[in-house]
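The structures considered in this document are given below.
Two complexes follow with subunit A in common, the first pairing it with subunit B and the second with subunit C.
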Partner chain A sequence: MPVQDLKGQKVWQRRTGRESLFHWVLWLTGVAVFAYCWQQISASTTWFFVWDAPRIASDIWTRATPPRWEYITQLGKPIWDTLNIATLGTIISLILAVPVAFLAARNTTPSALFVRPIALLIIVSTRSINSLIWALLLIAIIGPGVFAGVVAIAIRSIGFCAKLLYEAIEEIDETQVEAITATGASRWQVMAYGIVPQILPAFAGIAVFRWDINIRESTVLGLVGAGGIGLQLSSSLNVLAWPQVALILLVILAAVVISEWVSAKVRGAII
Partner chain B sequence: MSDVNARIGKPWRKPPLVQRRWLRVLLLVGFIAYLIAAFLTIEVNWSRVYAGLERGQKFVLAFANPDFTSRSSDIWEGMLESIIMTVAASVVGIGISIPIALGAARNVAPLPVYLICRAIIAISRALQEIIVAILLVAIFGFGPLAGFLTLSFATIGFLSKLLAEDIESMDRVQAEAIKASGARWTQWINYGVQPQVMPRLIGLSMYRLDINFRESAILGLVGAGGIGATLNTAFDRYEYDTAAAILLIIIVIVMALEYLSGVIRARVQ
Partner chain C sequence: MLRLDKLVKTYKTGDQALKAVELEVPEGQVLALIGPSGAGKSTLIRCINRLVEPTSGKVYLGDVELTGLSSGALRRERRRMGMIFQEYALVERLTVMENVLSGRLGYVGFWRSFLRRFPQSDVDEAFRLLDRVGLAHMADKRADELSGGQRQRVGICRALIQNPALLLVDEPTASLDPKTSRQIMRLICELCQERGLAAIINIHDVALAQMFVQRVIGLRFGAIEFDGPPDGLTPEVLTTIYGEEDWEATIEAVEDEEASA
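Moving on, here comes the complex of A and B:
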């Protein structure tokens, strides 16, 4: 225990001298980095607009309220599209994620040296690129529309689902697998009866969890032209129809809250 | 196994996932009906998709031959801005999250404070980054400040919620021992609570840094600074080799951050 001798009286200290020096240097670097970052941000900011911000904010607020409630009749189809993008995207991504997860899990991969790194690379690269960027890319390739949104959501979700799933596969109880193997089951039978039942609850949980996230993400995919309610949002923003924007934001908020509630209920029922 | 005699001689069948038969059929029929309805309403222009496949192939090939050089100054500036936004927003976001997390933990804060902090967390979690960014760009003008504020705001909801849950599940005994020694409230937090949640706080902060970087890549699409603007331009001009270079850099940085956070988390836990 670090103790300091102060005029013959021993005083308890939290850290030794070397430790506190280390902490001090760490803090100093942190503060310096932050100061540099802040200075860069500040340099590329027009501060006049920032000082003017409260006025602009209240101006937008008065323009946006009350929301244009009649507009909701035109939002039915976009909401349906949004739901489809999220649901179909989740289903496709799950179909693709299962084999990737089995290839990536240390205990089921056919080759830890060659196949596993490829599976891990798929997981990292699909996960680290946002669905909006995937949508941008797919719109350039297959044209704007709901289909591009579905594919974007599907690709983006592969990494997430496969990562959680392969962690679940690595945590299975090996004794059950061994019991199935001992009955003389083939490789596929071991998978179907030894591994799949153990990861099924995790799989269902992941599916619902990702569906919830996908509802969130698909509401904004339209901003880049990939269908759904975001398309309405971006066209309303472009013509500065703030009452419509307010209504759309409320609808998106409601969709997000409802999907979160549904996902929490379903996950509660499964686990 | 009362009906064991009836079962002898019959092959074993896998028990169904949903026990009740009518529910099982209903779920299946509903699911198929939904799929049909969904497929019918999605209008896919297959000739357009087919025409685009060639471009898709070009893009895939561009990944094998990314062009880092011809737009290197734009890429460098955008990346630097993204990183700056990420770091600054993470620092500020984490700094604001800690008091809010303390307020949102029921075993630390009184009820009114608890409700206020939980409301802040709920608002921050319900609004997506990109929508917040649109509003903040409208209010504060183009540039990294809007992106910085967006990421800070999003960090609060994420970090406070998870940290508050960790504080709520801490060991009461240690905290009480500090209190029994006559500590003030601040000392109690500093010596009783903080050491218990510190590993989790560091882990979450690293994870959030990672998320913030990924998010900062798209904020540029709506004018909130960062690499997104460069990426969007590259797509619009069909410069797939530049776009591929940017995406590769993002992937490499995310991988490095993930590795780093893994190392740090392993060390603090």
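Moving on, here comes the complex of A and C:
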């Protein structure tokens, strides 16, 4: 009741007295919780190491510079592996994501009661587990190497691609579908002529976007033994070869920048 | 040629869009379906080719009863009914040619249509039709590059290339300017005459309907209130269809048109 009648004048306030009191209590609780947490974290921190941090950081910086440029000859193959993991993984995931998306979209699913929940479950379960964890599982199952990385990236991406794609399918213009249906086209023809042209831009956008993400994700897969440049990173870290680590980080940065540039170009060309 | 027998459509919400509609359309007759918004005009048209499933009643196209058909048989019968839409309903990202050829989908197998390898006779016919509606030079343009009138012409070609016996036309002029509206209506009626097609045209513009068709059906609350020639639309009749309003201006406009034409 924000409007009150005071001596014949209508007074408007954003909140009633009770509401604003409730808001103050909420803020007070928030501040109290924050202060308590701060104190807990502070008590369990070894402050000696924190005060020491700038010195250590500058120490690592001096050890890491200049990068060991001649090490680049050994990085060509691993970065190529990383790119392959990302690209193959994205392609496989797209192939698997398309049928899942059609089964999950409300307007194309054959059965909203049985098939759709299964498709949604696939989407949620593949999305919710990080690719590093998929890689750990897959290395145990199919052994270490590039293949485990490809499969990890592929599985992780299905949910992401299928979710975006099924949202695009649900947003299509139904009258175009109706028009194709009215010509006597079969179910598959309706899909190829009425639906696919409408979702093609979204599909291409999703593909390059996910490829871009996957390049970044695949650089760390080597840390757990799933091939690619992460393998070099982890072995260099283990022997404290900081100049090599610096060079690897530079190579990863370059790969990511290039992939961002490519995907921005492709997206610009489609839209 | 087309006969509706006690056609009823009740939507899930409980709205009764059609109340036992009885209608017979002879071969080659062009009729206009008028009525206020929500009278069931679109529903009636969509119940004929079963884009909307009728609740009960029968639809006969020639000797074939449509409401009981299996999906395969229904697809074969849909080829005989061309449909033209209010917002054109072209597939925006396909070319004009692909849009016209999509009218042949009912005749062509999946892979041929998917790979765009339509029979040469279909392509010839598509060029003939595009030439007839004055769009032959546009065949390679994407549909979303065309103006409203051009799009509707492509929509007409798509319906005609099906080689239909009946045209179902849903508000063909509602998104067009007055001049283009007349051109489109004239084109549809001429083409129907050339090919001896029957047509049901949903239309809001009473004056436009009177100019071009041989028979007018007035629909109100899902029931037929008027069935007769265009000059039978007196102010009293329009009042029973649409409700109280000053109708003199509408009817005079038509008489002026006819005098000047």
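One rule holds in what follows: the second predicted complex is superposed on the first by the 236 of 271 C-alpha atoms of A that agree within 3 Å, B and C clash if a C-alpha of one lies under 4 Å from a C-alpha of the other, contacts with A are read in each partner's own complex, and residues count from 1 in each chain.
Following the convention adopted for this analysis, a residue touches a chain if its C-beta (ideal position, glycine included) is under 8 Å from a C-beta of that chain, and two chains touch if they have at least 3 such contacts.
Being a predicted model, the structure only gives us computed values, none of them experimental.
Overlaying the two complexes via subunit A brings subunit B and subunit C into a clash. Once the two complexes are laid over each other on the shared chain, residue contacts for A:61 go to neither subunit B nor subunit C. When subunit A is checked against subunit B and against subunit C, the one touching more of its residues turns out to be B. By the document's definition of touching, both partners, subunit B and subunit C, reach A:200. In the superposition on chain A, A:27 makes contact with neither subunit B nor subunit C. When both complexes are overlaid on chain A, the residue A:69 reaches neither subunit B nor subunit C. Of the two partner chains placed around the shared chain by superposition, subunit C is the only one that A:186 touches, whereas subunit B remains out of contact. By the touch criterion defined above, A:261 reaches neither subunit B nor subunit C. Across the options 111-119, 147-155 or 237-245, subunit C meets subunit B in a clash only at 111-119, per the superposition defined above. Residues common to the contacts of subunit A with subunit B and with subunit C across the two structures: 193, 200.
Interface of subunit A with subunit B (complex): residues 30, 33-34, 36-38, 40-42, 44-46, 49-50, 53, 56-57, 60, 80-81, 84, 87-88, 124-125, 127-130, 132-133, 136-137, 140-143, 145-147, 150, 193, 200, 216-217, 219-220, 223-224, 233, 237, 249, 252-253, 256-257.
Chain contact summary for the complex, subunit C toward subunit A: residues 49, 51, 75-79, 81-83, 85, 87, 89-94, 98, 102-107, 110, 113-114, 155, 158, 162, 168.
Within the complex, the subunit B residues that touch subunit A are 14, 17, 34-35, 38, 41-45, 48-49, 52-53, 55-56, 59, 80-81, 84-85, 87-88, 91, 126-128, 130-131, 134-135, 138-141, 143-145, 148, 214-215, 217-218, 221-222, 225, 228, 231-232, 235, 238, 243, 247, 250-251, 254-255, 258. Those residues of subunit A lying in contact with subunit C across their complex are 173, 175-176, 178-186, 188-189, 192-194, 197-198, 200-201.
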